[in-house]
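Labels A, B, C and D are assigned to the chains in the order they are written; within every chain, residues are numbered from 1.
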Amino acid sequence: MSDGRIPVAVLGATGNVGQRFVQLLECHPWFRVAELVASERSAGKTYREATDWRLSATMPESAAGLMVQGYDADLQSPVVFSGLPGEVAGEIEQRLAARGHAVLSNTSTHRMEPDVPLLIPEVNADHARAIETQRKNRGWSGYIVTNPNCSTIHLVLALKPLHDAYGLEGVLATTLQAVSGAGYPGVPSLDMIDNVVPYIGGEEEKIEVEAQKLLGGYDPAQGFQPAAVVFSAHCNRVPVRDGHTECVSVKLANPATPEEIIETFESFRGRPQELGLPSAPPQPVIVRREPNRPQPVFDRDDAKGMASIVGRVRPCPLLGSKFVVLGHNTVRGAAGASVLNAELFKVDGLLPV
Amino acid sequence: MSDGRIPVAVLGATGNVGQRFVQLLECHPWFRVAELVASERSAGKTYREATDWRLSATMPESAAGLMVQGYDADLQSPVVFSGLPGEVAGEIEQRLAARGHAVLSNTSTHRMEPDVPLLIPEVNADHARAIETQRKNRGWSGYIVTNPNCSTIHLVLALKPLHDAYGLEGVLATTLQAVSGAGYPGVPSLDMIDNVVPYIGGEEEKIEVEAQKLLGGYDPAQGFQPAAVVFSAHCNRVPVRDGHTECVSVKLANPATPEEIIETFESFRGRPQELGLPSAPPQPVIVRREPNRPQPVFDRDDAKGMASIVGRVRPCPLLGSKFVVLGHNTVRGAAGASVLNAELFKVDGLLPV
Amino acid sequence: MSDGRIPVAVLGATGNVGQRFVQLLECHPWFRVAELVASERSAGKTYREATDWRLSATMPESAAGLMVQGYDADLQSPVVFSGLPGEVAGEIEQRLAARGHAVLSNTSTHRMEPDVPLLIPEVNADHARAIETQRKNRGWSGYIVTNPNCSTIHLVLALKPLHDAYGLEGVLATTLQAVSGAGYPGVPSLDMIDNVVPYIGGEEEKIEVEAQKLLGGYDPAQGFQPAAVVFSAHCNRVPVRDGHTECVSVKLANPATPEEIIETFESFRGRPQELGLPSAPPQPVIVRREPNRPQPVFDRDDAKGMASIVGRVRPCPLLGSKFVVLGHNTVRGAAGASVLNAELFKVDGLLPV
Amino acid sequence: MSDGRIPVAVLGATGNVGQRFVQLLECHPWFRVAELVASERSAGKTYREATDWRLSATMPESAAGLMVQGYDADLQSPVVFSGLPGEVAGEIEQRLAARGHAVLSNTSTHRMEPDVPLLIPEVNADHARAIETQRKNRGWSGYIVTNPNCSTIHLVLALKPLHDAYGLEGVLATTLQAVSGAGYPGVPSLDMIDNVVPYIGGEEEKIEVEAQKLLGGYDPAQGFQPAAVVFSAHCNRVPVRDGHTECVSVKLANPATPEEIIETFESFRGRPQELGLPSAPPQPVIVRREPNRPQPVFDRDDAKGMASIVGRVRPCPLLGSKFVVLGHNTVRGAAGASVLNAELFKVDGLLPV
């Protein structure tokens, strides 16, 4: 069973994000899914029995036979990926961190806490240093690291190089979000066939505050300092399975032409690319030059779902520049983000292994 | 056959907008569909034979038996509604106006010309005066009056009361547009199932310039003066049959609270309401207070598709205020707009009858 | 408040079918919605507060202010329409029937019981006689009358004239059913976008047995005698909001040509048509002659949703004849069916008023 | 450029099926795409310029730079795959066959001709012998081999083992077909959002006659003898991108239980499996045991889209047995079928190389 790979646990393993963790980790070179955790309804069954697998015809064989454990399980894996529902995540993740596990969480619960890194390796890898303060503050042998909301992550991946190059002052983002972001059963089909829902509870606020934390600084003495960039989001649910589309207008301190912005997007690289992390996309931001791209059904799986795809870079009469960004919301926007964080931590010697 | 109602012709009668004209005029108290015009492929057939009716189970009986005429028909009706495709509209509409017809056009061709009114009766009824200049300039006995693009009209209906009350400085609008706006066959289903297309050719530019003309002034000496409001639009096609949803952020010269803005929307009335025009909605802008409305499938037919439905009025961290506006794109956004223009002209004695 | 119309109660008033009852009864000439019943979650709220209205922009004003009562309410209305969920319907409906109410139920619970009429007024109006036996058997002063499953009703409306004219021997029906048939929240959008679910729990069995009861006889001495017709159903859920499409092949004892079958469909009339009941469609079965009709989005609202729309009548190489039938599943397929039953009972003096 | 693989041409390369050929052949071990042919509109452009690639984010690099040739091109590749539109296929395919090319065609034009094999390697590999007669009859140095319609192929893959084991007498199949089967632009989205179209021109007839040819015999003296099995099809278009679902009832000469039928499906193997052809699925028919599978969005890509997925095997009250079969319509249902035919011919020494 042991093959030299680090055993990991997946919390919320039967849900949409949990299934994506299992899928992404199936052939991972460094990590091996060893433990699966879900609610009491699933505990005691095999993963095959407990799960209505919805990512492809059949679930990975390696996971199918594992026994699902309940939320109070005494886990052995040093690394824990969490796709838990928000309402139960808090306590469970804290308990595991206290016991020494590295908890890489996709859940929103701890994201904005003052000693919890909210991390995108290409954007703010240095925020990882906050785990030292976190451990000290809380007396934990492990820690919690979070990744942003599925809309925030693709927005910020695109904004980071612009912020570095031209200085962001304001951002207006309107999202057209896929239904997989709401989990399963999630959005009723009577709300989606021939329809748009111009509201996703809490989503606009998450984007507005998470983006500021991500683009801001970290200092052990003073903690996180949000970036002085004003964000405004309009969030919509649309009849798309996977892939969030975002229409973005930006105000730059030093205005740039579309050609300059495209060049800035395309030359952007971060630590995952420098380190050649297994899940890193070769380019974090891919630019499409066709007038009508990116589109979710065609582009969401580009770079295995780990990149943000930008298109339609053009002047904005009001704010200066505008563009469209698309990204896979359950790969780079959720499970893949946590996995990339874990890969960075492994290289940086931060995993408890 | 004559029942005292004014006989009207519908150009482009077999298309999406043409069908909507026929439907809206079926029981109109003032107008009677007397002539139907379409391309040579349909000419010489009855409307029933020529048309793949797609608005309900069966087409209005009164229209079904009419013989469709070709583009070069010598029309008898004083009033002509045009839902012609842009590529043929120019010449045909001009020829008819020259011959004395009142041409009420939904086509974009003439909208931005310096002597052609682009009209929303609640917004800029006084622009109708430009038809005098138009006739003089062109030596026509008739005239052309246009209504705006389907996205522009609902946006501007919502913006007009805000502009009057608080002074608009800038507007950022992101649209989620229905497929009926693209006509038939229009958008292929392979581009819409499980997808969003973040681009509609020419649409963003139309919104940006039409809105300025609509909110601007008119003076016989100086012509149209565009409003000094900066507009920026992001346009998307989404898998919705009818009803355009628009996410709007506005910068006001005199900022207002959401409560004030809601009050301003709800108290807005225009000449159609004062005059009690047959197709006028009781309230041009209806406000929904639920957190997740308006939605196309539920709200597009409110007020028989003739009103703009607003919701989610709230502060915008970047521009000051934001909200969602939804409207039926082929009723108030197209055929219904032309019909309301004709009703206004009748009351004002501007129809050649 | 009293206007001479019979006060009625709606059970399960906040659900999909309950909302349809409220909508259909809004302007009913004989019945007036006086009481609304739903689960304890809604009891004590006004209908407006308790209900997420999903049939149009706004709910009927007359119902909006009514106070919703709980399942154990002591109802005053002599006539009760039930759109209760199956798991609670049994006991509640029985209690009300025992107390003297006429319970017209859309729920499946009692449909196949040996003393409960399963009724389509055009098909088996004489089955209503079973309520005498029912009252005697059960010692009730009221009674329960049911209408069939949403797929069964449109299938049987189309089959009845064929059975009478040519003798049915076998029927194979494959359904493509709308999501509104599953209630709300019902089918998750992750199961419907870009997908078909070839299974609806219990549906095939319902069609197979209900159709036999409907086409069979009733005799007070011997009860219901199922028709000797073999039915086989394949049921599918498809991404359609309203309107079930059914592909039907039939084996007739006396084979008929498509022209004869069309003539048989079109000349079919039943007691609702003879009596001119308010909700009766002029023709129970409407035939479309276009090669590609009926289609749900265009035809489901024909005859206000109360007729079955047939098309593509043609020979079946295997069974003899085949055709497509479409019907609105929550109007004639649910609430409208119960209302029509009540109208028949009123004329026949069977209502407790 | 030459790497030992056989150079092949793709006709109709820019269309839906043509794109699928290019995708499937990208890494093929035996064939290499050397020539691309499309209409004059595309001729003279690179494939990248000429094609609106719709299968994934980016087209295969190896094809992108090839120059597209017109229909009258003088091709060098011995093997030609055809995804031509029916209206032009006839003459072009014949001209190429006459000149010595092996034409493997997905187009319907020649399928039912008395000397043209209609081939599924698992079903009727021996029909390939008809190419000798074809060459002799027509004086050609090459030949045309066809594969069936996208619905027929998955139906017949499932029926073949049943026919061999139990003797088919009658088959009733109702299809729910994906829009990709209609090409691009194909089905308008106004015909698919919230809708079903219960008609596909010519499709029912194709299924009924092609299936008989496929399950029938071939004898050089007497030609093709259609199987004495009666087929009846109902064809529907549904809002699904890829993957045709078919509800099938069968009458067997020797009735079998569901368990026996499942065992028969699962043990079915054909020549592609025996020979281990590169595109052969390990099992031509895969059986799902869940009550609600197969479903297009989850199962169409199973076995890389080359297998037929069966589920819901159960008794049919009318015909004896019923089940659901699903298959990818542009992989095994179109391009993949032609490729598998070519692989069989290579092993059998029938390719002109």
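Definition applied: contacts are C-beta pairs under 8 Å (C-beta built on N, C-alpha and C of every residue); 3 or more make two chains touch, one makes a residue touch a chain.
Predicted model, so just to flag it, every value in this text is computed and none were measured.
Across B-C and A-C, it is A-C that has more C-beta pairs touching.
Look at the CA centroids: the one farthest from the centroid of chain D belongs to B. Our note on geometry: chain B versus chain C, Cα centroid distance of 40 Å, whole angstroms.
Computed centre separation for the pair chain A/chain C is 47 angstrom, with centres defined by C-alpha atoms.
Looking at chain B, residues 54, 191, 193-194, 239-241, 297-298 sit in touch with two or more other chains. Considering their complex, residues 170-172, 174, 176, 191, 193-199, 201, 208, 230-232, 234, 236, 238-241, 245, 247, 249, 291-298, 311-312, 316-319, 322, 324, 326 of chain A touch chain B. If you check the complex, the residues on chain A that touch chain C are 16, 54, 179-180, 184-194, 239-241. The touching residues of chain D, when paired with chain A in their complex, are 54, 56-58, 193-194, 241, 297-299, 301-302, 309.
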